[in-house]
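In the part that follows, the structures are each spelled out as structure tokens.
Next come two complexes built around subunit A: one with subunit B, the other with subunit C.
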Partner chain A sequence: MAKTSTTAGHGAHGDGAHAEHAAHAHISRGTYYKVFAALMVLMALTVGAWWIEGIIALPRLLGVAIAMAIAIAKTTLIILYFMHVKVSERATQLYAGAAFVGFAIMVIITMADYFARGWPPPPGPLP
Partner chain B sequence: MATTTPTAKPAPAHEHGHEVHGRELMHHFESAQQQKETATLGMWVFLVTEIMLFGGIFMAYIVYRWAFPDVWAEAAHHLNTPLGAVNTVVLLVSSLTVALAVNAAEEGNRRRLLTMLGITLLLGATFLVIKGFEYGEKFAHCAGAANPVAWVTGGARLEEKECLVPGRNFIFPEAHGAEGSKDAAASHGAAASHTQPQAGLGSPYQLFYFLYFVATGLHAVHMVVGLTIVSVLTFIAWRGVITPTYYTPIEVGGLYWHLIDIIWVFLFPLFYLVH
Partner chain C sequence: MATTALPQRGYLHDDTPHLGEWIRSWLFTVDHKRIAILYLLAINFFFLLGGLAATFVRIELITPQGDLMSSDVYNRMFTLHGVIMIFFFLIPAIPAVLGNFLLPLMLGARDLAFPRLNLLSWYLYMFGGIFALSAAVLGGVDTGWTFYTPFSSTYSNSNVILTITGAFIMGFSSIATGVNFIATTHKMRAPGLTWFRLPLFVWAMYATSLVIVLATPVVGIALLLVAIERLWGVGIFDPALGGDPLLFQHLFWFYSHPAVYIMILPAFGVISELISTFSRKRIFGYEFIAFSSMAIAILGFLVWGHHMFVSSQSVYSSLVFSFITMLIAIPSAIKVFNWTATLYKGSISYRTPMLYALGFIGLFVIGGLTGIFLGVVAIDIHVTDTYFVVAHFHYVMVGGTIMAYLGGIHFWWPKMTGRMYNEIWGGISALIIFVGFNMTFFPQFVLGYLGMPRRYHVYPEEFQILHVLSSAGATVLAVGFIIPIIYLMLSLKTGRIAGDNPWDATGLEWKTTSPPPTHNFEAIPVVTTEAYAYPPEAAARDAAEWRPGSPL
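Right after this comes the complex of A and B.
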């Protein structure tokens, strides 16, 4: 299960190969392996950061920011390469992006509302 | 990619007389490529709704973690981070095998396609077994057993009372809870209700575990659906339906699998890596 090279006529790797309309775009196996290696490195980084935060006191917000930045980086890699969005049609790229824009809108409006009403809540019987 | 070159068994010929027409090109599409792109776009429309579904849970998480960061830090200590990390790796590897499966289908390598789908199935099952063990641990503690095995065999008992499954019997253990409860009590001012150990609805730690079980539970349901999809894909690949001109099922099923992986990529740091 190894040595078939990518079909002649397509670039040997998907990087930079921009999806021309209707052209068949292709991401090679080599790219998949590289992306996977990057994902593993990011995975190690996020656990490593958590471990370090257990030893030295970092601001809590910084810890969350690091973890989320790494998670977003992993997600971007998966969406662009594993899910082929990088070489997909424009409409597909638009939908993929729209999901996250939609989520961001929900978070911004919801949190704005909570803050306008005073969040975190004042001391009381909560939670 | 213009002509049909079946490598395995040819796709079953369809009723109408044209020679090329099979699943890879239905009447209402101009080309196989267009048909595939349409299917992919349709799948993404569905995936957007999935992101919105999980988005609601993430929204609730943001609202409450923002308000009770100390509760979060204390509560998260009782999750099994090593197992969570192993599960993250398992899912990332399964994403790779799915991507390689699509690649194999594209190149018409049926053998490699079947191998990759098989490995994906194994990894998915591994994830669920590990997740099941983690859940089992929590439920076993509620029953007073030290671990799931002891729960079944009537073995080692848990020396300290603990129940992290939300509900009336919820008890956050004293040893680790002491410090956090003090913080929580101080920040809420309601000192009277914070006697230890915290039981039932009075415990603020329940919120974390409620979100944990809802989020990972919904994710596990998606894993079961994903495993079903990959099983069906394995079956149709084995039957020889998948060809280099028609591998849309693999592509679209793969998209679903990757989405589940992405959800976990966020669940892992949000629940297991909290300080």
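Right after this comes the complex of A and C.
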């Protein structure tokens, strides 16, 4: 895993006496290059998985699971490093997490509706 | 220690010699108070425009025949009313006007955390508005404000793309405001201003911002997908192209139900301020009111399916959504009970803002309770897409949000302008609005329960009497809305000088001058007390000392 170097600085927010001070931190250039390389590898994996799927008849569920795993890995890297969530304050991390909780609520409840549609089966024609 | 004194001119003060410079000083301002005024003007313009569309709708409905406009024009008219009122008035009204003006003042800060982002949000709002208006000018859109697919994505021959582009851009304006409020509340509170010393208006704005930031992107994406399907025929929602129309409804209502809380949560915040100030009492159950805002914001994400009970959604989903909808009544009721408890043994003064606040409580209770009816699957199936629903959401949005917006504008008008308005006309117009509102929308409950469907302009003659009553009420309501425009404008010239704290209220915004200086405070205040620190005996003392002409 790429090592992250952080540098703390004084909060630049207008009023110095404010209760909460921001500790600015940054990700080193070297880390950015490593994350970029990791993303390129993951992109190659995406293309490779698609290519392999064309040759070997994988179960559909497995294909989707592989594609989702690669996509989640890419997204996580981008959010943590390029969007600075890894070195952000707890509140920022909380909001980033909340977005995923909100997204999960939307997907799970919507998919639950799709799953349960047709329960109970519609009554058949009267005899 | 040497300190740098900030210039202490009122934010409205301008000594630029040329008109062009004066205009530039407003259009490029990053002062949150000036941006609030820009929003005030723009949002009120859209309110009048949306009201004009409603006027045509109500005139058409006076007779059972479609004699003023065709079905198609009627569809476009109520869509114009809905799109403008929802996206360009109700959603931004309180946050963008009162929130922008007050949040830094209430927090003891010199501005919002990101002043340029704040100005950008106004420009985004205006661009979005221009798109929506151009759609109207070019012939309008006939999908209703809900843009249901596949009608919007495939079959409609109106200006769908322009309108949803306007709503899409407006969404970014909302997000910018929400992000700004969250960052400001976290980072820029004055020393000593702990979370449980925050005014309840700030809590309400914070909860609203949470909903805005988490929900608005979803409707943006949903509208983008409609555009993709409409422009390029990619099958997403249209069954003929392999799509699913219910997916749109899920995505749309995932935002649009929380959007109701984007409209009403800020109103709750305003009402908390008004009730406490005009009862001269510490608010009852501060923590419960604060947490109920957060509870509403969170639970609001779990109830969207109650808009889809008749859409072929799974009955099991409907049952779960119905149950959670019942839960959301609890935090709403907590607020109402706490406001009522605050009134108890208070020294209540019926000034104009308080009249709006009391009107709000009554109307919101009716709107909220009929919402419980609609949350029950069996009743909802009976009244879906009838005027019962129209009456319900107008009680929440007009009876709730607009009453609070007007109450808030009156309450903070002296702070915004430095002038008092005419109190007699204020009281008269508040009463006219209350009467006009009930006259307009109460008959619609009856109409809906009797089976009058919404979005029809031709109807059986038996419904005419109720429609005429409703249209007459709308006329009264319109008069009630026009009167404040006149006396508030007049007050800018002739109003009595307000002084810094005309209501004898607590809160940091009343500690600075009226109107406040550009940087809000001469020195950043230090907070040592709770938000509503009225002395325990204040109400009793005020009541004992009250004489005709007393300020409160």
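A few comments on the model shown:
Keep this in mind: the second predicted complex is superposed on the first by the 94 of 127 C-alpha atoms of A that agree within 3 Å, B and C clash if a C-alpha of one lies under 4 Å from a C-alpha of the other, contacts with A are read in each partner's own complex, and residues count from 1 in each chain.
The rule is simple: a contact is a pair of C-beta atoms (placed from the backbone, for glycine too) under 8 Å apart; a residue touches a chain by one contact, two chains touch by 3 or more.
Predicted model, so just to flag it, every value in this text is computed and none were measured.
Taking subunit A as the reference chain, the count of touched residues is higher for B when subunit B and subunit C are set side by side. Of the two partner chains, subunit B is the only one that A:A71 touches; subunit C does not reach it. By the document's definition of touching, of the two partners only subunit C reaches A:I105; subunit B does not.
After overlaying the two complexes on the shared chain, residue contacts for A:R117 are found with subunit C alone; subunit B is out of touch. In the superposition on chain A, A:V47 contacts subunit B only, with no contact to subunit C. When the two complexes are overlaid on their common chain A, residue A:A91 makes contact with subunit B and with subunit C alike. Residues 22, 91, 95, 98-99, 102, 106, 110, 114, 119-120 of subunit A lie in contact with subunit B in one complex and with subunit C in the other.
Residues of subunit A touching subunit C in their complex: 11, 13-15, 17-20, 22, 91, 95, 98-99, 102, 105-106, 109-110, 112-120. Of all the residues in subunit C, the ones that touch subunit A in their complex are 109-111, 113, 182, 186-194, 210, 213-215, 218, 246-247, 250-251, 254, 301-302, 305, 312-317, 524.
Residue ranges of subunit A in contact with subunit B, taken from their complex: 1, 4, 7, 22, 24, 26-29, 32-33, 35-36, 39-40, 43, 46-47, 49-50, 53-54, 58, 60, 63, 67-68, 70-71, 74-75, 78-79, 81-84, 88-89, 91-92, 95-96, 98-100, 102-103, 106-107, 110-111, 114, 119-121, 123-127. In the complex of the two chains, the subunit B residues touching subunit A come out as 1, 31, 33-34, 37, 40-41, 44-45, 47-48, 51-52, 55, 58-59, 62-64, 66-69, 71, 73, 81, 85, 88-89, 92-93, 95-96, 98-100, 102-103, 106-107, 109, 111-112, 115, 187-190, 193, 204, 206-207, 251, 254-255, 258-259, 261-262, 265-266, 268-270, 273, 275.
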